[in-house]
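Shared between the two complexes below is chain A, which pairs with chain B and chain C, respectively.
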Partner chain A sequence: MTVRQQPATSPSRTSAARTERRGAGSGGRRPGPHRSGGSYALFGRLRYAYVSPALLLVAVLLYLPFVWTAWLSLTRYDGLGSPEFIGLDNYTRLFQDEALITSIRNTLLWVAGTTVLPVGLGLLVAVLSYDIKGGPWFRLPFLLPYAMSGAGLALVWGFILQPEGVANQALSFFGMPGGDMSFLNDGPENTFAMLAVWTWQQLGVNMLLFVVGLQSIPRAPIEAARIDGASGWRLFRHVLWPLMRPLTTVVVGLALVASLKTFDIVWVMTQGGPGRTSETLAVTMYRDVFVADEYGYGSAVAVLLTTVTGLASYAYMRRQIGKEDH
Partner chain B sequence: MRSTAASAVLRRAVLAGLGLIWLFPTYLILANAFRPAGEYKPSDAIKPSGSFALFDNIAEVWERTDIAQSLFSTMLYALVSPALAVLLGALAGYAIVVLRLRYGFAWFMLIYGGSIFPFQMLLVPLFVGYSKTPLYDTRLGMILIHLAINIPFAALVMRNFYGGVAISIFEAARMDGASTMRVFLRIFLPVSWPALAAVFIFEFTFTWNDLLFGLTLTQSETARPVMTEIAALTTDVYAGTPVPIALAAGLVVSLPTVVLFLATQRLFARGLSIAQL
Partner chain C sequence: MMPSMRLRVTALATGAAMLALASCSSGNDSGGSKSELKLYNDKGAWSQFFDQMGAQSKTEIGLGMKPVGYTDEPTYTAFIKASFRTKVKPDLFTWSTGGRLTEIVKQKQVADTTDIWQAAIKSGDLSADLAKYYTIDGKQYCVPLNTAYWGMFYNKKMFAKYKLKPPATWAELENLARTLKSKGETPFNHTTPTSLFSFVWFEQLLVGTNPDLYEKLGTGQASYTDPGVVDVMKRWKTMIDAGWFSNPGDKADPADHFKSGKAAMVSSGTWFNTSMTQRQLKLGEDYGFFFIPNVNPSLPKTSLVFESGPLCSLTKAPDPAASTKFLKWWVTPAAQEKWANSRGDVSGNPRVKIAQPELSKITKEAAGGEYRLMQRYFEAAPAPVLTAALDGLSGFTVKPDTYMKVLETIQKANEQYWKTQGN
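The block that comes next holds the complex of A and B.
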């Protein structure tokens, strides 16, 4: 996740360092204990014991279920009796499923919307509140919603967005259009309405990450730019923004992977409806399994979603590592 | 100089405006959670409540649900699982980065790879697996699954953190003859506590707010987490539960995370910046 400058490696160590880097990960390599040293042999085996609890738990509780799901995706299974092997039929069905196409469209809307709104506005608030008196107080309203649970979120926003609810009342009161709009009843409008809710909840955590990033920027280049007369937009564009780029990549990367898996908010607000218009891939999968009892088909959707998320994650990690290795 | 002052005013104005928009839903929650259950009317939801009935509403929540026991269970899950997760994540990060585990990056990716699975995908296999073992509907079962899903993020942050700790500390300690475990417990764990705390707070919030695993893997009042317990109350709101009661319930269950988040804001920021997130 971090992008860190590699410490300069002396020429005599270069090849050894490179082997180590390839072998032992990429985070902030520094010349360290010698591989061939006597002390190394002593803790050689033990090191695996340190990784294994984490690895074991992840393997048994996360990978094993995935393997089972991958197998189920090749079967027809309603949760009773035993799965019947049908080869790739579920996968060919995927591409003829109208509901799935809507669901892919909505998922893409979520990916685009999440990277632009909560992340973009989070950056805006972080930058605006950077270095002004009372900054933490200005940030407080944005942090409160993050602690709110999905169920609470659904309740409050359900009653804000319901027909003739608070949102309609407020829009009419200010004489704005949309006073008679039903926010959650038509697609894709309901996805946009939920994106607004999501922005309300998630802006805070993105803002916090950017605030942390801004605080860790060295003061010297900012002061130097100020003396040169840069302020406002120009200071941001030419000084802050380039220095924040690595962090921005991280925040966008996290948002990207999370948005591909969007589930909770849709499930608590619309259950993907009405008429499956607001489903995301994760909701479609949940619905196929738990509502329609189509375990095999739902599993195929799960495998599709996991593959996409995995590829996105991998591409993102690769990018980070590419930077670390330069 | 003047333009700077003007821009500071403008920045405050934009922040205050956005902040007010953000506070509005929070105000709605409070206004209506304070309202006596009988006096709620959707058309008057924006108006502040004339009387203070919050505690009556909370008492009603206690009446209608088994919330006390659920709060205890959830507190247990949200404390134990993230605490163990950051510890195991730190140990893995330490082995990979400081002890230079062979193929360390592959091991790391294997652990971190656990984060790509959509949780809903895990539900059926876990339900079946838990049913075949004594884990179904137990607190241990809930702790285990939350532990597993919290490990990848902990490992990610701690690996990055230890990558930034000077290796010379490790070498010096080894010279003095300390075992690798001792070096971990006495040196690496203590220096990383802000990062550990930051990850813990994130994961506490996440575990506290879980609804899905509670729905699928528990049944009895003893093991059921609080979000699952009040879910019926809040989703059936238009059918049965009066809105003020449901909002009071939402307020009660959000309180621990709000308090934790605000109380530790400073530490949180520090922990993350040290971890170079």
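The block that comes next holds the complex of A and C.
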């Protein structure tokens, strides 16, 4: 069974473009009195002045720090005095640093885990609870943890998962294995434990986004597929999933970026320890700059993290958009 | 069009005038004679004690003080370092002695306090012994904010229950631990991996075994893979394997651990009394304190770990005269008596009368000549080596088998640091 996707956005985009063209030319909507030739000339002269505050803000708050960080990554600097230029030494050191290799491994675990668990389970719950009686009540408990702040969540779960904490006691009480397990003391198990906590919180919001996506799908193709005999997995695989692709692209894209910059939950629960076993790239960057006072080396980690996030997002979006175009 | 242009010009002119006014206002704030100073510190839990000192200084010298407390060390350090390059400068700030003080003094950021020290040494308010921790290239910087001796806090009620008494030798301490363990108690508290204190037992075992080696480690003259250091790690591992320590992943505050009886003993500085006071526990009644005996009984003196944290002002402080006036007052007996007794701690001023008899005894014993004072590892180790050591030792506490790898990692940081220092 094949279902043709509706190019839902194309007509409106085209009509907007047409409107723009009409508005700009003399044959379109009649220009108002403020659009006289003199005002145009005035706006023409002052247009840079009008946009300059915004441009300045973007340049000072976004571009300048990035350029400054890139420059610092080529220096040795402890936050005092002047940075000393050392070329690419920090980058050479990056790949000989065992702690950084662990950090990259953990970041990859976060990327894989976040895509599979909060997003995958969110989709599962959304599909299972969609279109059933009492669906909203079934979904509500999954959404409640999202009300907690990241730091608060990490603090509470840090106490639950500590040795001889609530989790250990509960497992022992029910006679289950793991009663004496140290969830946060060994790597990479501590990363898995934190991923479970992250899933507990993030599942709900992903589920909500998918439910919104499901509700916005036109009923006609679904009904048509049902009349043709599609149901269950086949209905999901061949009708719902293709129609939800634009939303899935956004949800996975956001999860990808969020997982690459994972910081707060790790910092509050373990501070990247013990012995740097649970650090992610964002934690390593913070530690190197603010704890170890190695501003140059920490900046090199920041540049690496930015590059990886940028490339991963670009590659993913390009692939997804490419798929949509076809 | 013209009214609109006039409107724009008026708006721009108003904006510029407001900016000018704002800059004038900030200029007034930063200049002139101050009647109240802001004391930036990384001891957020001590705010009430700083407030009491501010009230007292206002009464005695007409200069008030308000604390600005941070609880996150990296944020605090970053703020102070950033203040060196910006106009937002603290009137007074806390720091640490050792390598961290040296690095900011070398940047010519810290105000010289040689005159205050010389006058205080002459009047007996400060000692020449203490001055060496504040001396860089022959000049003194900052004054002592606090002074503390490190030893063992023990649960008096638990000791009485099992008929135990403070040990005089290392063998006796080990016997204590064995007895407590056999009774189902946890003898020693272990710091959490996320705390700044993972060095404590490493330091204590090393100063009690080979104090010379400890001092050489701090100056880059010895290696962390030296057999003497390896032996210390092995001893620590044996103690962990024997089950003498609390679980290092426990996130409870050591003071709460101690109060609840989850650990019979906590190794800490005398400032731990402040935490005890805040929990309504009394020295001499609920808990006691003893100096930890040497592991190596043949050493001529018992090694006693000592720390002193500085209170500093900047060369470009908003009002240098007011900051200096406050620092001069800070070391006087009246100020120090209030500061030490309110927190239940010892003082850097030998003339201060410590109200708590047990604490007074500790101060006298420490100054009695039977002890060899050893600078705390936190101050003795250079900053990059300390960072590597804190990470490594926290990893060791949960995986004691990794001690050799931990030492090698610290040694790598040690070599790297001293190479940049020309050693």
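Following the convention adopted for this analysis, the second predicted complex is superposed on the first by the 258 of 326 C-alpha atoms of A that agree within 3 Å, B and C clash if a C-alpha of one lies under 4 Å from a C-alpha of the other, contacts with A are read in each partner's own complex, and residues count from 1 in each chain.
Please note the rule applied: a contact is a pair of C-beta atoms (placed from the backbone, for glycine too) under 8 Å apart; a residue touches a chain by one contact, two chains touch by 3 or more.
No experiment lies behind these values; they were computed from the predicted model shown.
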Which holds for A:285: it touches chain B only (first), chain C only (second), both, or neither?
-> first
Superposition-derived comparison: chain B or chain C, residues of chain A touched | B
In the superposed arrangement, does A:146 touch chain B (first), chain C (second), both or neither?
-> first
Using the touch definition from the top, say if A:208 reaches chain B (first), chain C (second), both or neither.
-> first
In the superposed arrangement, which partner chain does A:274 touch: chain B (first), chain C (second), both, or neither?
-> second
First (chain B), second (chain C), both or neither touched by A:264 | first
Please work out whether A:159 is in contact with chain B alone, chain C alone, both, or neither, and reply first, second, both or neither.
-> both
Is there a shared patch on chain A that both chain B and chain C touch, and which residues make it up?
-> 39, 79, 158-159, 162, 164, 286, 290
Mind listing the chain B positions that touch chain A in their complex?
-> 3-4, 7-8, 11-12, 14-16, 18-20, 22-23, 25-26, 28-29, 42-43, 45-46, 88-89, 91-92, 94-105, 107-126, 128-129, 144-145, 147-149, 151-152, 155-157, 159-160, 162-164, 166-167, 170-171, 174, 179-181, 184, 205, 208-209, 211-212, 227, 230-231, 234-235, 237, 243, 246-247, 250-251, 253-254, 257-258, 260-262, 265, 268-269, 272-273, 275-277
Over in the complex, which chain A residues touch chain C? Could you list them?
-> 38-39, 42, 78-81, 98-99, 158-159, 162-164, 182, 184-186, 270-271, 273-277, 286, 290-294
Where on chain C is chain A touching in the complex?
-> 1, 73-75, 77-78, 81-82, 84, 103-104, 107, 109, 193-194, 247-251, 383-384, 387, 391-392, 394-399, 402, 406, 409
In the complex, chain A residues that touch chain B | 1-2, 4, 20, 22-33, 35, 39, 43, 46-48, 50-51, 53-55, 57-66, 68-69, 72, 79, 121, 125, 128-129, 132, 136, 138, 140-152, 154-160, 162, 164-166, 169-170, 200, 203, 208-209, 211-213, 215-216, 231-232, 247, 250, 257, 261, 263-264, 268, 281-282, 285-286, 289-290, 295, 299, 302, 305-306, 309-310, 313, 317
